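Two complexes are shown next, each including chain A; its partner changes from chain B in the first to chain C in the second.
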Partner chain A sequence: MQRLRRFEYHEPATIDEATGILAAAGDDARVLAGGTDLVIDMKTGRMRPSTVVNLKGITGLAGIEEAEGGVRIGALTKVTAVEASELVARRCPALNQAAAVLASPSVRVLATIGGNIGRASPASDLGPPLIVHGATVAVESPEGPREDLVEDLYVGPVTTTLASHEIITSVFIPATPRRFGSAHLKIGSRGGGTDISMVGVSAAMTLDADGSIVDAVIALASVAPTPMRAPDAEGALIGETPSEEVFAAAATAAAGECRPISDLRASASHRVALVRVLTTRALSAALEIARNGEVS
Partner chain B sequence: MTTNVGRSVPRVDGYEKVTGAHVYGVDIQIAGMLHGAVVRSPHAHARIVSIDTAAAAQAPGVEVIVTGRDFPFLFGGACQDQPYLAIDRVRYIGEPVVAIAARTEAEAQEAVDLVTVEYEELPAVFDMMEALDENAPLVHPDMDTYVKGGHVIVPHTNINTLWTFQCGDVEAGFAEADHIFEHEFSAHAISPAALEPHVSVAKYDPVTGGYTLWLPTDRPFQMRGELTSSLGVTSDKVRIIVTGVGGSFGGKNTLISETISVALARHSGGRPVRVEFTREEDLVASTTRVPAVMRLKTGVTNDGMLTARTAEIVWDSGAYTANTPGVAIRGSSTIVGPYRVPNVSIESRQVYTNRAITGSYRGYGTTQVTWACESQMDIMAAELGIDPVSFRLRNAYEEGDPYINEQIMHGVGLHESLKRSAEEIGWGEVDRAPAPHLRRGKGIATMIKPTATPTSSNAVIKVEHDGRVTVLVAAPEIGAGQSTVLAQMAADSIGVPLDSIVIPGTDTAFTPFNGPVASSRTTYHVGNAIMLAGAEVREKILRAAGEIMELEPVSLDLMDGVIYHDGERITTVADMLGSFGFLDGYSITAEARYSPKGSPLLKAPGPYEWMSSIFWMFATHAVEVEVDIETGQVRVVKVAAAQDVGRAIHPLGCEQQIEGGVMMGISNGLFEQYKGSGGKIANSSFADYKLATMPDLPEIVPIIVESEHSEAPYGAKGVGEPGAAPTAAAIANALYDAVGIRLMDTPLTAESIREAIEALAEEQASEAGRSQ
Partner chain C sequence: MNLSLTVNGAAVTVEADGADTLLMVLRDRLRLTGTKEGCTEGECGACTVLVDGVPVDSCILAAHSAAGSEVQTVEGLADRGGALSPIQQAFIDNFSVQCGFCTPGFLMTLTALIAEDPTPEEEWVKAAVSGNLCRCTGYTTIVDAVMAATGQEVAR
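The block that comes next holds the complex of A and B.
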């Protein structure tokens, strides 16, 4: 990596000030949260923003709290805090599991949940669990606040619906129904779990009193230009009684509908094979939680 | 009397390293220093049509711009085929074309973007087998005009090294065999990947015409030789001051960043120029392990005795020779493994390609050939129905066996290393995997390595007036513990405390000559030189004590810095030498040279005595793996690594060297890999070039085997290199044990493992179908 080139740097104290600077700076401005992607992109030359706005001076953007109807996580909350949060572990197992395997410990102490969403990496670790939990983000800009589903933010690789002067301020994860379970699994090039994913799979399901699947959501990472839902796989589950055969059918559907490319980390065919395996395993893990009623 | 040798004393460099005080190459700062950056070739093979530096020259901070025409020298350790900066032609993607020095690193890097180079692309060759083709593009059409060492080249081809070896009669050997096995294996390019990138500071003195360099290297005198011979200057005109070295692993032993800093310094009007490679440059434009394609044909009897082997090896040096002929020669010789094979024929050819330059990597060829040799051993064992450990033990060298050149092997702890590693891993016991999609298996692999022979080392030892002892040796501490074991041997050979020993960094202007800190030779060779000088210093101290105290030197003894007379403590070295004030005193010095040349241990009848090694190294790794049969992911559960170190001067240091070797072996066997096509390396960062991280590593049990060696200092052989060689083959053999697949090419990626498992299942299903 090279030395940083010159750029304009701001440390605003309020969200209004930050969005004002961003609006004035134009499309070439970038916000700095954890910096684990932005600073590297600037040093390698992949990104040369003219203006960088550091959000870390704004108070109140970090923290995990129980909110009405769910859990709210401030955008600047570190991934390590998400990983360590007992509340997240209880309410949102898939997110907790994903936070624990995001990159390496040294990245997790810097990286933020808002940054991970805004980065919109196809290999996002937090995107799939937030999608299966139906999470939304709160966004601020000079035009005022708005909310959007995490799922609807993603447009393409490293591209979101957010304008360059909009800032994600928090993430909201709605409370889950009874007999709900979720899980996240990923495989990277190395076995030890300190790696970007070759494939990531989040699965969530809700059972009825008889044990049938009344709702299922599956989201995949690293197999499409953005984190993606797997609707065919979900359709293969809803209304069914969980079984090896049903999960295998869903896994086959997910393998059929993912759209991976071959790149440095894996071939498309290996990714398809991994989607099938991880979908089955994530479903089994989610089922176990749903049956044991651990999510409360 | 050994008070320090054999004990795991605190490392002498430990305190300053853990406190961050140690000065590495990247830490060097000199007043007025400029910073260099490099314009690199985007083409694998092209003619340089024009270079336009006008815009860069106007850029802020830019002070010096140099092209190959401005500094038209060729260098190379084995063959002077490499320009400091490309001259008229580029031969690999990343080759330096223009060097720029500016007031800051950022300014130099920004100016790089302003240089325009026009190229005319030339046909390129990327595959080492295609490079052998008579119609292949020639990477160096003028190869025969280069200044080079004694290795054989084939002019007007791409073959820059040709080496053959014969012993016995291979045809007769194959005729004796009950089975003949033929297999082809390949080993891939990998990076030495030292944590510290390539870095150097060069200063040119316009008055004397001399260069001073501050740089991290493991071979200061050889680097100086590369510089003086390529620049045509005398030794006083190149002074190398070795900084702390942040890891080498074979990578810091030729001119890399130095070509840039020297070329820029020559034109900077005397201002020092610092060049630090980015990680991207380090991965793309330094050196990699030499990739190899290895075809083995081996004859074996029904009872598992090896009768003959032919080996055809092709090595890829990349665009320049660097230090690869030694890999293609010495590395090739060990493809026979540590086994009695009476009939051997080896043909080794190394070719130029338009790929990144290759060079030495921990083990100097042994990681590659061990992969082939030890994979085939297990294939044969399975076919013969013989246990892999037993098969190896039947053929493995023992003390007194003749090597393939007929040198009588001495100091052979091979059988013990095989037996103890197998025992530690629980060989023959089946461990159940904890889940239905997991399978467990065990594998073993062993290796042999010579040390470069003959090479020499010198030591100068000087006792100061206060009892401090300066030991001058050109043996840079590269992190492997060199300075500690040398201090231990110095202290014990003289009879002074360990903390009185001072080993200053190497400065070629003052430090006596040494061969490289390479080939696992330092403890043995420098240790022997220190013991010789140390014994002389000890004698001189006792003689001085006799004079000063008017006693017979034979009645005196020296231990831990204390002088005894007939068993009674009478004074210390410090008190005795310190009693003279400032105007009078003793200077007690000694110097010694060690070379194994002429040792009876090296005798070998026939034309191959030069292949004799003054000591032989043996290492065996027994591993247990757990394979996920659905994803192909491998978890190495445990590695038992037994290594014959002669005698452990510093047992903990030996264990750490073995552990580090295993980590490298796992990393390069399972994960590390350059990706890209057309000579372009696409994964030039540690995010994409995957090194094993701590969570990927298993329980490693280092086992020290101590064979006796009659000429070794305190019995110690080398320990650094062998630990990286057997791991990949041991893992592959364990994979076969676990799931029945056999991979012929490294690395053993999850993807290749999953595909092999699926292919095997399909094969078995179709066989089952046919048999119904």
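The block that comes next holds the complex of A and C.
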């Protein structure tokens, strides 16, 4: 049976204790949340941390609540809970949809939202919806708390701006304006999610009273070293009246600005084609919600 | 480091370090080898056990993260007299087992499903087992077994 390499193991009771242990341990210390990535990487030797800090004993890090100006989700909240949350479904449709297609049910019950962000997989399922919702993370370290946009955390594959002694404690999703809609779509090789995405697309848009697009955000997964915004596609939407032609132009722009590689899951050219299709579909789904005013 | 949990109704304490997965504790320490190791990375579901009633992939769960939990494995499905659970019997009756390697994982996932919804629709059954891979049966007979175990007509 595959075993993990030796390391120092801690179960701190508080965030301060945890960040203190991490700061003392050095750069190769790692935080253990759900473990669905870290445990695997430690088995294969891709990661060989000297110290692992399991956050499970720290209370108050899980839960979804209405907060001033938006929704706050604790970093240790399981993806299953995000998927099941009526509040998330109502306020952040794209995040609800992405949570429902992240891996399999028996992984979703372990995986956490904070872990998914901190992992910074290029194929992240939760990154794109959090980006299009303008979500921020609260981060703790011995230097004190700080906040950052999820979008700005991503540096490269499995690399963030977070130092090894920093811990994501919660995610904040700001309230959306009227006539806002968002959607997330993904294609993997097994149906209904399950597999790592070949392409993931989140789209969000806000309409004015006349039905024109006043704001649009598109984020893509699995087509660049990190989850990425698609600014050209967004530019093709803002100020326009939604139509098949406008969405097709935005989808073409997104296909043009994504930077996929070919790997075992899909060729680069197939991914470009999928970006075009999924962007169109995600925009249509977001529009439907924006028009029906389901986000409140 | 000591790890205490309940396994198939019995309180157990074992020596486990931070590097042990729940699967290692079950198979190597407790000799409950009904739970299988397949892909080792949370893709195939062969290692599925119930933790507090919920199916999880035990190969990617740090054992200490399950401390204090109630764990149920395939060994805990039959009653003390050895009578199989309804879903186990239905697997036999419906030819839902071929090589059998994935079977314990499927049984655990489906046990949880039936506990939550005593008459699940076929689509729910398929969604529930989306994280369990079977390379022999083509899944049809597995769905049939759930329908039979829950007293439902098979729509075929």
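Operating definition for what follows: the second predicted complex is superposed on the first by the 294 of 296 C-alpha atoms of A that agree within 3 Å, B and C clash if a C-alpha of one lies under 4 Å from a C-alpha of the other, contacts with A are read in each partner's own complex, and residues count from 1 in each chain.
Simple rule for what comes next: a contact is a pair of C-beta atoms (placed from the backbone, for glycine too) under 8 Å apart; a residue touches a chain by one contact, two chains touch by 3 or more.
Computed from a prediction, not measured in an experiment: that's the story for all the values here.
Participant: Quick one: is A:Thr194 in contact with chain B, with chain C, with both, or with neither? Answer first, second, both or neither.
Facilitator: Both chain B and chain C are touched by A:Thr194.
Participant: Which partner does A:Ser262 reach: the first (chain B), the second (chain C), both, or neither?
Facilitator: A:Ser262: touches no partner chain.
Participant: Considering only touches as defined above, state whether A:Ser243 meets chain B (first), chain C (second), both or neither.
Facilitator: After superposing on A, A:Ser243 lies clear of both chain B and chain C.
Participant: A:Thr14 in the overlay: touching chain B, chain C, both, or neither? Say first, second, both or neither.
Facilitator: Neither chain B nor chain C is touched by A:Thr14.
Participant: For A:Ala273, select first, second, both or neither according to whether it touches chain B, chain C, the two together, or no partner.
Facilitator: Only chain B; A:Ala273 stays clear of chain C.
Participant: Considering only touches as defined above, state whether A:Asn54 meets chain B (first), chain C (second), both or neither.
Facilitator: Only chain C; A:Asn54 stays clear of chain B.
Participant: For A:Ser104, using the defined touch cut-off, is the partner it touches chain B, chain C, both, or neither? Pick first, second, both or neither.
Facilitator: A:Ser104 sits against chain B and chain C alike.
Participant: Overlap the chain B and chain C contact sets on chain A and report the shared residues.
Facilitator: On chain A, the residues that contact chain B in one structure and chain C in the other are 1-5, 40, 104, 190-194.
Participant: Which positions of chain B touch chain A when the two form their complex?
Facilitator: 104-106, 109-110, 278-280, 630-635, 670-671, 675, 682-683, 685, 687-688, 690, 692-697, 749-751, 754-755
Participant: How about chain A: which of its residues touch chain C in the complex?
Facilitator: For chain A paired with chain C, touching residues are 1-9, 11, 32, 35-36, 39-40, 42-43, 52, 54, 56, 103-107, 109-110, 190-194.
Participant: Would you mind writing out the residues of chain C in touch with chain A in their complex?
Facilitator: For chain C paired with chain A, touching residues are 1, 17-21, 23-24, 27-28, 37, 40-43, 45, 48, 54-57, 60-62, 64-65, 109, 127-128, 130-132.
Participant: Using the touch definition from the top, list the residues of chain A that touch chain B in their complex.
Facilitator: Result: residues 1-5, 40, 44, 104, 187, 189-196, 264-267, 270, 273-274, 277-278 of chain A touch chain B.
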